[in-house]
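The same chain A turns up in both complexes below, where it pairs with chain B and then with chain C.
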Partner chain A sequence: MILTFPHMGNTYITAKVLLDELGVSYVIPPLDNQEALSIGARYAPELACLPLKINLGNYIKAYEQGADTILITGGCGPCRFGYYSEIEQGILRDLGIKMDVIALEKPDAGLLELMRRIYRLSGYEKNVNRVIGAVKKAARISALVDELERQTFRTRPRETAKGSTDRIYSAFRENVLNAKGYDGIKKLIGETSEKLSAIKVNRNQTPLKIGIVGEIYTTIDSATSFNLDIKLGNLGVEVDRAVTVSGWIIDHMFKKALRLPYDTGYVDAAKPYLKTMIGGHAQETVGHSAQYADRGFDGIIQIYPLSCMPEIVAQSVLPGLSRDKDIPVMTLIIDEMSGEAGYMTRIEAFLDVLDRRRERSIG
Partner chain B sequence: MSIILMGCFIMKKVGIPRGLSYYEFYAAWKVFFEELGAEVVLSDRTSKKIIDDGVKACVDEACFAVKIFFGHVINLMGRADCIFIPRLTSISRNEYVCPKFGGLPDMVRGSIGGLPFIIDAEINMRKDKNGGLKAAYEAGSFFTTDRALIRSAYNKAVKSGYGVLPAEAAAPAGVLKNEGRLKIAVIGHGYNLYDSCLNMNLLNKIRAENAEVITLDMLDRDSIIKRSGTIPKKMFWNFGSKAVGAAFCLLDRQDIDGILYVMAFGCGVDSFVCDYVERLIRREKDLPFAVITLDEHSGEAGLNTRIEAFIDMIRWRKKNDINLPSHGQYLHHGESSAG
Partner chain C sequence: MDNAKDLFLGVDVGSVSTNIVAADEKGCLIEKIYLRTEGQPIKAIQEGMKRLAEALGPDASIKGAGATGSGRQLAACVIGADTVKNEITAHAVATQLMLPEVRTILEIGGQDSKIIFIKNGIVCDFAMNTVCAAGTGSFLDRKAGRLNIPIEKFGLYALQAEAPVRIAGRCAVFAESDMIHKQQLGFNAPEIICGLCEALVRNYLTNLAKGKKIEDPVVFQGGVAANAGIAAAFEKELKTKITIPIHYDVMGAYGAALLAIQKIKESGEPTSFRGFELIHRDYKTRSVQCTDCPNSCELIEIASDGEVMARWGGRCGKWAEASQNYINSGCRKM
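Take a look at the complex of A and B:
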């Protein structure tokens, strides 16, 4: 069994730690998600959402490199993501690509089936503690990687020599593929963080602050949204993104499943505009937007893939929030037809608006 | 709180938009509100104006049916004391409806100004079979404080109204001839199939070709539910599991000549259900299958051509398949979603 898994931003680092620690052999699909998208768009249903198309491209690339089993997480709705495993299996089957899928979710057949899947995933490891240890280590790495990314968000707009952060960070994303296991990757993260801290920054600068909200895949996977977070940083904007890989793993998958308390401040913040959970990350989008506004951010950018159901609802209620809290909100919708230049024009115009607003409030 | 208390006395006319869940639940809702002494005001039938108003008010990315629903809400403004837009999170065990149904009242509030009071009781029967009654208590509290009355109104509504289709769903009499009659199954959401303005009179166009139309509502409900659980992972959308179950039922039958899948552009649920059903049918049986995607830019001439071509193809393969093959193994493969 040679495993593979779909890309989503830096999740490959977390997955790598998990599989390294379990001692399972695996293939990481090439990092280029734009190419994966063009492959996936050929075979996926036209109106399927973007992440499904990218996933398919990742699988087909990994299959060419010898992978035969796919590891993904699942869900039970109402967002389409919960049914990805079945639709993807159907498409691969009709393409004649023989790949198994291990979906980590609560199956219809009950919890015993889930245990069986984990058992299979861990290479039939009998030592339960080793499995739990590997999961814990992976969760810890995901938190460290997210912290590292936050550090780049702070450094990028303030650095005096433009491009310093990008050089260090993209080198990290390449080098991490050669690091091995929890210890190796943790060391690399530590070194990278030190390098980032050593970058010369202009401390007097007060950059514009923009909160990025929206559907998890397109916000976390920077390449899908034309490296929006990086581009904004290089235009002198400090970005923040409340939805993270580690938050998703720790809050969404563990704490929720084990019924432990976790931060639900966004639920209350969203309440005046969106009363209930409707699936996906709509509640997070609306709640985080309200929280960003209260924290004094200059603007909010919502990103989602075309036809994403929960985010369409969020988009419909955001104008009210924007009016009430007096904060500009821009929505960017992404699909395989999106062109980078058009988006950059819109982003630059949005930044001009934010700049003027700030000047007016000071002057 | 004062609005709610006042509501008990003022609200006499409750408006129901003729869109989305109207096509499934209107009969029950009408009984429920009338039992509580309210007058039900229904929005007008979908028209060009209603579509235009809805398209203008709604975000571009929503599906066509949601946009039309917005138009119906606008149509009701000034005609009713309140508008009933329930939050349909789930109407069946372990299944959801669609995120947009769950957030519908929020979407309407966020997009249309000057609305009357909106009754947005949440119907959630995913884990709780009493979810319907709970929603009834909430919705009914705006008309009466008598919980027993609400309960009896709810029971009457479920008994006499559940599963009753609205007038739009009825087939006109006398169109079909017995000789050479085809049977075409049409899979799609009720609100896409029965709103003849939305789909440019699609069902009657098929009937005009002397083909009987069979929709999901005409199949046996119990066998649909039974068959929907036979796939490895059951669909978690109410419509999805219904459509998959229905596809199995249609494959079992020998009298179906072709299957049409009708969806609205941008419908997330349909994008997956359609793909699943199409692959299922193609694997199991050599049966003509086509997809029709509708939105506010659809042209009627294009629709006519596609329906005529679909029916012609079915008739030709019946008539002269030996002399001139009008279908092959992969004839429609990969071309179904064009247009």
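Take a look at the complex of A and C:
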């Protein structure tokens, strides 16, 4: 069995740790998600959402490299993500590509089923402690990687030599592929973090702060949203993204499954606008937006792939929130047909709006 | 008065038209040139600058220049602009000078349309069409071609209609099918054109203004504002009076010129404008790959007479900064 998994931002690092620690052989699809998208778009239904297309591209590239089994996290939320594994298997089957799928989710059948799948993943490794250890280590790494990314969000707008953060961070994303296991990757993260700390920054700067909300894939996978988080950073904006890989793994998968308490602040914050979970990350989008506004952020950018139902609902809720809390909100919809230049115009104009507002409130 | 000829330029390179204006230091518009880009932005800029130089006469002295529009980076590089701004900000600046109390700006250009909301004198929100161009000038252009009516007369036809016919406006191509169907049912040209104008306005408002409040005074600008039929359809739909500024067709360029005035006044530095000689130079663009980091960004490089003048398109903003420094330093080596 040779495993592979779809990309979503930095999740490949977490997945790599898990599989390294379990001692399973695997291939990682090429990092270039634009190419994956063009491949996926060829085979996916036109109106399927964008992440499904990228996933398919990832699988096909990995299959060419010898992968025969796909590991994905399942979505139990009532959005199309919940059907990904079934639809993706169907499309691959029609293409004559024989690949198995292992979905890591909290199935309705309960935790035993999840454990059975993890056992299958580890080649029926019967050492429960080793399996639990690997999962714990992967979760820990995901938290460290998210923290590293947050560090780039802080450094990028303040660096005095443009491109310093990008050079270190993109080298990290490449080099991590050659690091091995929890120890190797943890060491590399530590070194990268030190390098980032050594970047010369302008401490007197008070950058604009923008909260990024929206559908999880397009917000976390920077390349899919035209590297919006990186571009904003380089335009001198400090970004924050409340939905993270580690949050997804730790809160959504483990704590929910184990019925442990987890941060539900966003649920309360969303309440005046959206009282219940309506699928996908709509409640998070609305709740986090309210929280960003209360924390004094300058603006909010919502990102989602064309036709994403939960985010469409959230988008129609946001103008009211924007009025009540007096915070500008801009929505960007990502589609494989869209061009980058149009987004840049909108982003620049949005930053002008935020700049003027800030000047006004100071002057 | 030797100051009378101290002028500031604004260049707006759009998908369909390239507009150039000259304004005096008080912001009064002195001269405007409107020409079609026709897919050759550099040629359009050169042609526009040539015409502008002729119109202004030999003793005009350019004290500042600004660029905007989808081709703003290219324009900035070719003319040596002091400011480069997106068209949303540029449009708002120009409109606010002409009508300071403006609350809503409707702008429809060749391939994009925008709506800008202003509160307490600053832009507070805006929207731009995203995945669809059904509410833009190109939509009308196509329909006019199909009906064999010059686009300039399109609006007047619409005003002659007694009752508009409803046309499906969701998609520009299907609107055409529906239009043909209505022709076959025997509706006359004015009724159909009026229906098209209303379809475009409906599409524009649902795409851009959904859930947002359109407050008076409302200003309508951009190339499509020349179309009386659209203006009438907006007034009917919004149930309010709409103002069309006299320079509605060059508001972006005008805004760029105003931003240049502001920039030069604030910085007190001399302009980076290259002078009108730029019309004789030969420009070449090509794509190059940056090898400074594993991102391997694809850069657009523009060179003139063998000398690299600007590079942009990189993710980290390093090249944009270098290009701006190059322009500001009076074009010494990059």
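The rule is simple: the second predicted complex is superposed on the first by the 350 of 363 C-alpha atoms of A that agree within 3 Å, B and C clash if a C-alpha of one lies under 4 Å from a C-alpha of the other, contacts with A are read in each partner's own complex, and residues count from 1 in each chain.
Throughout what follows, contacts are C-beta pairs under 8 Å (C-beta built on N, C-alpha and C of every residue); 3 or more make two chains touch, one makes a residue touch a chain.
Bear in mind that the values here come from a model prediction, so they are computed numbers and not experimental data.
Shared-chain residue A:174: touches chain C; no touch with chain B.
When both complexes are overlaid on chain A, the residue A:230 reaches chain C alone and has no touch with chain B. By the touch criterion defined above, A:166 reaches chain C but does not reach chain B. In the superposed model, A:46 makes contact with chain B only, not with chain C.
When both complexes are overlaid on chain A, the residue A:79 reaches chain B alone and has no touch with chain C.
Touch criterion met: A:87 reaches chain B, while chain C stays clear of it. Once the two structures are overlaid, the count of chain A residues touched is higher for B than for its counterpart among chain B and chain C. By the document's definition of touching, both partners, chain B and chain C, reach A:319. Of the two partner chains placed by superposition, chain B and chain C are both touched by A:333.
Once the two complexes are overlaid on the shared chain, A:306 sits against chain B and chain C alike.
With the contact threshold set out at the top, residues 306, 316, 319, 333 of chain A are in contact with chain B in one structure and with chain C in the other. The touching residues of chain C, counted against chain A in their complex, run 70, 85-89, 112, 120, 122-126, 128, 130-131, 210-212, 292-295, 315-318, 321. By the touch criterion stated above, chain A contacts chain B in their complex at residues 45-49, 74, 76-80, 82-83, 85-87, 90-91, 94, 107-108, 273-280, 282, 306-310, 312-313, 315-320, 333. Those residues of chain A that touch chain C in the shared complex are 162-163, 166-167, 170-171, 173-174, 227, 230-231, 234-235, 306, 316, 319, 322, 328, 332-333, 335, 337-338, 341-342, 345-346, 348-350, 352-353, 356-357, 360. On the chain B side of its complex with chain A, the touching residues are 58-59, 61-62, 87, 89, 94-100, 102-103, 105-107, 109-111, 120, 122, 231-237, 240, 263, 265-272, 274-276, 279, 283, 293, 337.
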